[in-house]
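By written order: A, B, C and D. Residues from 1 in each chain.
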Amino acid sequence: METELDLSRWLEECRAFCAEGMTADYIPALAKADPRALGIAVHALGHEPVSAGNSGNLFTLQSVSKVFTLLLALMDHGEEGVFERVGMEPTGDDFKSMLKLELVSGKPFNPLINAGAITITSMISGASRAEKWNRIREFIASLAGVEEIGFNEEVYLSEKETNYRNRSLAYFLKDSGVLDGDVEEHLDLYFMHCAMEMNCAQLARAALVLANGGKEPDESGGRQLVPRRYVQIATTFMLTCGMYNSSGEFAVKAGIPAKSGVSGAIMAVVPNRMGIGVIGPALNDKGNSVGGIRLLEKLSREWNLSMF
Amino acid sequence: METELDLSRWLEECRAFCAEGMTADYIPALAKADPRALGIAVHALGHEPVSAGNSGNLFTLQSVSKVFTLLLALMDHGEEGVFERVGMEPTGDDFKSMLKLELVSGKPFNPLINAGAITITSMISGASRAEKWNRIREFIASLAGVEEIGFNEEVYLSEKETNYRNRSLAYFLKDSGVLDGDVEEHLDLYFMHCAMEMNCAQLARAALVLANGGKEPDESGGRQLVPRRYVQIATTFMLTCGMYNSSGEFAVKAGIPAKSGVSGAIMAVVPNRMGIGVIGPALNDKGNSVGGIRLLEKLSREWNLSMF
Amino acid sequence: METELDLSRWLEECRAFCAEGMTADYIPALAKADPRALGIAVHALGHEPVSAGNSGNLFTLQSVSKVFTLLLALMDHGEEGVFERVGMEPTGDDFKSMLKLELVSGKPFNPLINAGAITITSMISGASRAEKWNRIREFIASLAGVEEIGFNEEVYLSEKETNYRNRSLAYFLKDSGVLDGDVEEHLDLYFMHCAMEMNCAQLARAALVLANGGKEPDESGGRQLVPRRYVQIATTFMLTCGMYNSSGEFAVKAGIPAKSGVSGAIMAVVPNRMGIGVIGPALNDKGNSVGGIRLLEKLSREWNLSMF
Amino acid sequence: METELDLSRWLEECRAFCAEGMTADYIPALAKADPRALGIAVHALGHEPVSAGNSGNLFTLQSVSKVFTLLLALMDHGEEGVFERVGMEPTGDDFKSMLKLELVSGKPFNPLINAGAITITSMISGASRAEKWNRIREFIASLAGVEEIGFNEEVYLSEKETNYRNRSLAYFLKDSGVLDGDVEEHLDLYFMHCAMEMNCAQLARAALVLANGGKEPDESGGRQLVPRRYVQIATTFMLTCGMYNSSGEFAVKAGIPAKSGVSGAIMAVVPNRMGIGVIGPALNDKGNSVGGIRLLEKLSREWNLSMF
């Protein structure tokens, strides 16, 4: 109760910062979101979830989905299989950058930049695109604790038609032999999982499973949905590369593994303690939710959430 | 007569250097060429063409065609129209590099690197792809002094299917707003003109027209096929950017405007004096014909061809 | 007892990997170190330190000292003062790289790459170089729990005379206005603190203070040597940028904040649990101790040390 | 007579463009120059020199001197000796860039960018700095047709004290083994020859010697001051790299080998026809004289000076 009051108060304080950002303009369907919206759900282990602000708003996952496909690829191919194809290093460049692909290695530097995430998507097992897509949906639904995950077809079609930069990246990867098979099919699946739709409570529940080492909370059955080691890998990447090229700053200021998307979503995982889902469509120049970052930094200070 | 004997002797001397190079391996149809082949035709103003070595071999134009499409685009849109879309600077990077597109400007640095040449191809006027293609063919045929230019369908299909790097470049340009319209259509036309086929005599005749300021030699009718100013522009680019990222070295050593292709073709223009066509499929690590470069450097020294 | 036996066994297993590396060859005085040496000291909170292998060997701190000067600069200027001058992001480039300084910003990306560390050194307060130097020595001695820290004059002079790349970096920073004052004086102080000398037990004790949130262990008096927030900042950088451009990989594989130096030293901090000091002069191509990394990864798995 | 009238008229037309530029602000002594000044001297073979505007103004050579030291280094070490140490390619980057040194090769790309020119300066033969300096002065005086070349001590001291970026470049080159010996001594000699002082007539006379293949005009004695081949090399570099990173554009628009300096000086060589000296301190963002470039482009069109 007190927590919920605090949360609301802090959220309203941070909402002011939304005015400093802008919604993503390169995907028409994202540009329409309300730049003043800010919502959060916090799901602590052994507690009921609490929420504040526009936490009921639906949003597409965008880059947040990269964490889930990374986990699935690890479950499909193991650590070695995945790291044959993508590296483990932050780049210092923006998420769509191709510099290091040309300058250093055709192998994407890590699984959370676009080049790496497209490669990871291409590795999801399945006899057909439909089967791969079903596996992704079911896996994410199990993390979010729902029967079925939403899908925003308008956003999907909008990205599929206009995202020439990701198409450029994918053909570059095909050229260097990193991507096998049909580039357009991989891109299609990538755009599809970016367009999956959630609210803050669902995102916080998925984060909670990761905070709990891959295990559902006991009240939902306590099943191990993901091997603990893979959760460890994913949250490490969230800390070092999860917030685009301000991951380092967010680690210093908040110290929490988190992954952002250009819809304004952020999923934050506080190991052994809680999962957090945030939405705030106004983005800073790095592509992160302005209000969301401020709110998570506030929570980290107030509740002492930093891992360090 | 004496010229022809000299030419044969020098060519045989330079043939030895072919062993230092390799045929282009990324286009299967090019990899099959004879790496020991070396041929040349020299067409001086007011003289009969002379030739030596494997000058009768057919070869695809590859990047040599970029000079011709540049001329056509200049005739279609004028100087200002063309340089709104591409720059005028050498890059210091390899021909397929995307670095400067990301680091400096989405606008290609010059019309002879791949990014610039694809942009130029997209500007060729015509109501349909067929019309554009016919205009390119007829224009090049007029320069080469033939009824019809050959076309190597195997090479075209091979590039179209496997050239993922050019596809990556083109989608990057689409993303930055440099390319309008249908990317795949532009790429298709680009691969088509790269696959046009000639022999050395035809290439030397086209070079001669440029050496003659855009005018046919008198014995062919003396028509002005290209405005003199556009020839001046094209030969300037040949000198500063025509030999990939060893253009500077070739300018110092030979001092002749020239354009090479990964088939091993080189077209060289000695203003007011002669046109030269060379074929030598063994390439150095920059993508230039090893034997061809040596032979042109030799001719430059023997006949004092440097512009400087 | 058992711990010590385990430690010795694991160390000997990892010693084999030393053969894959080489001692730093660009500093003559470092090149002479024994490439087969491998030593470790582990100091857990509330326990006596344990050690194994060549833990008594003396080594210079090199880049490990960057963590200490960062702490001192934070104590001198506060968070805001420090981050006006250096950023918070990993670079993805090697430690001596100047690329991002030219391409992105004259401000160094983080305080642990050379450009950032030289900037930090220039910020240490003191009326004279001697006073600055004394402050650094006394601060580090207090962390290591000794009266006085050693200093290797041969290494210092060797670096001072031959380290042209750091001189190049420093003048670049002077040119962009990041460095104030006398470049040579800042470099001199930088080379001096890189040449401070320790053994594994001393390094483990310094790490323990950081693991303990900046407080001495109770048995040494329990004084707060560094404010907790600054320790948090320093260990965050150790995790995201501490192991040169394989920091991301070390975070995934070991998950422990650590800082390496080209002497083969590594200082590792396991928050709230233990401090570790390692020496192993044989380096991999990124500049990290080959045997040291293997040993820390082993400890992380065996003792479950990952923060994630 | 008519020529002089034309020249004055065109110069006054171009003077208007000076307002678009600014004097070099990073060297205090250069910043004081009159931004409205524009002067030219044209010295055609077999004719008396003509001049217009502020042609009597004195200016320091700055980067124009790089052409002269290149010639002297070629005379000291031959073609092979020089090109062991510097390359032949344009970079596409600005004159002080270090990118390609780190990304491609420690060897400077060409002798006219700062990295290459500092290397060339280090190669000038002489038992002492004084002897080297005398050799440079005497050589340039012979080209300019004067007893003694001026020297601006204020500019020299200003650059020596503040040019940290060139110092950074030089130590980088020392680190990669490109520079031998004492870096500060090489830099000193470099700053000295950049500070040599001329007027337009002297610069035009030096250019005329190059236009005449290295030979003095007959009326001055007709001695071969520089071997013809070395002049050919120098003018080739002037065309491909002489106007910083707008060399390509100047080649397309004017087609004349030329070298600019940040004092606003330009030396232009029209092979076999004329030498031109220009001064106009207002610079564009690439570091070239705004009015000077416009004036040379105008002359090229009016007098048909393009080599192409």
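Some notes on this structure:
The working rule: a contact is a pair of C-beta atoms (placed from the backbone, for glycine too) under 8 Å apart; a residue touches a chain by one contact, two chains touch by 3 or more.
In this text, all values refer to a predicted model and were calculated from it rather than measured experimentally.
The chain with its C-alpha centre at the largest distance from the centre of chain D is A.
By residue number, the contact pairs of B-D overlap by more than half with those of exactly one pair in A-C, C-D or A-B, and this pair is A-C.
Separating the CA-averaged centres of chain A and chain C is a span of 33 Å.
Mean C-alpha position of chain B lies 55 Å from that of chain C. Taking each chain's centre as the mean of its C-alpha atoms, chain C lies 47 Å from chain D. Among the residues of chain C, those in touch with two or more other chains are 103. Pairwise, the chains that make contact are A-B, A-C, B-D, C-D. Residues 97-99, 102-103, 164-165, 167-172, 174-175, 183 of chain B are the ones touching chain A in the complex. For chain D in complex with chain B, the residues that touch the partner chain are 87-93, 100, 104, 109-110, 231-233, 235-237, 239-241, 245-249, 251-252, 255, 257, 271, 306-308.
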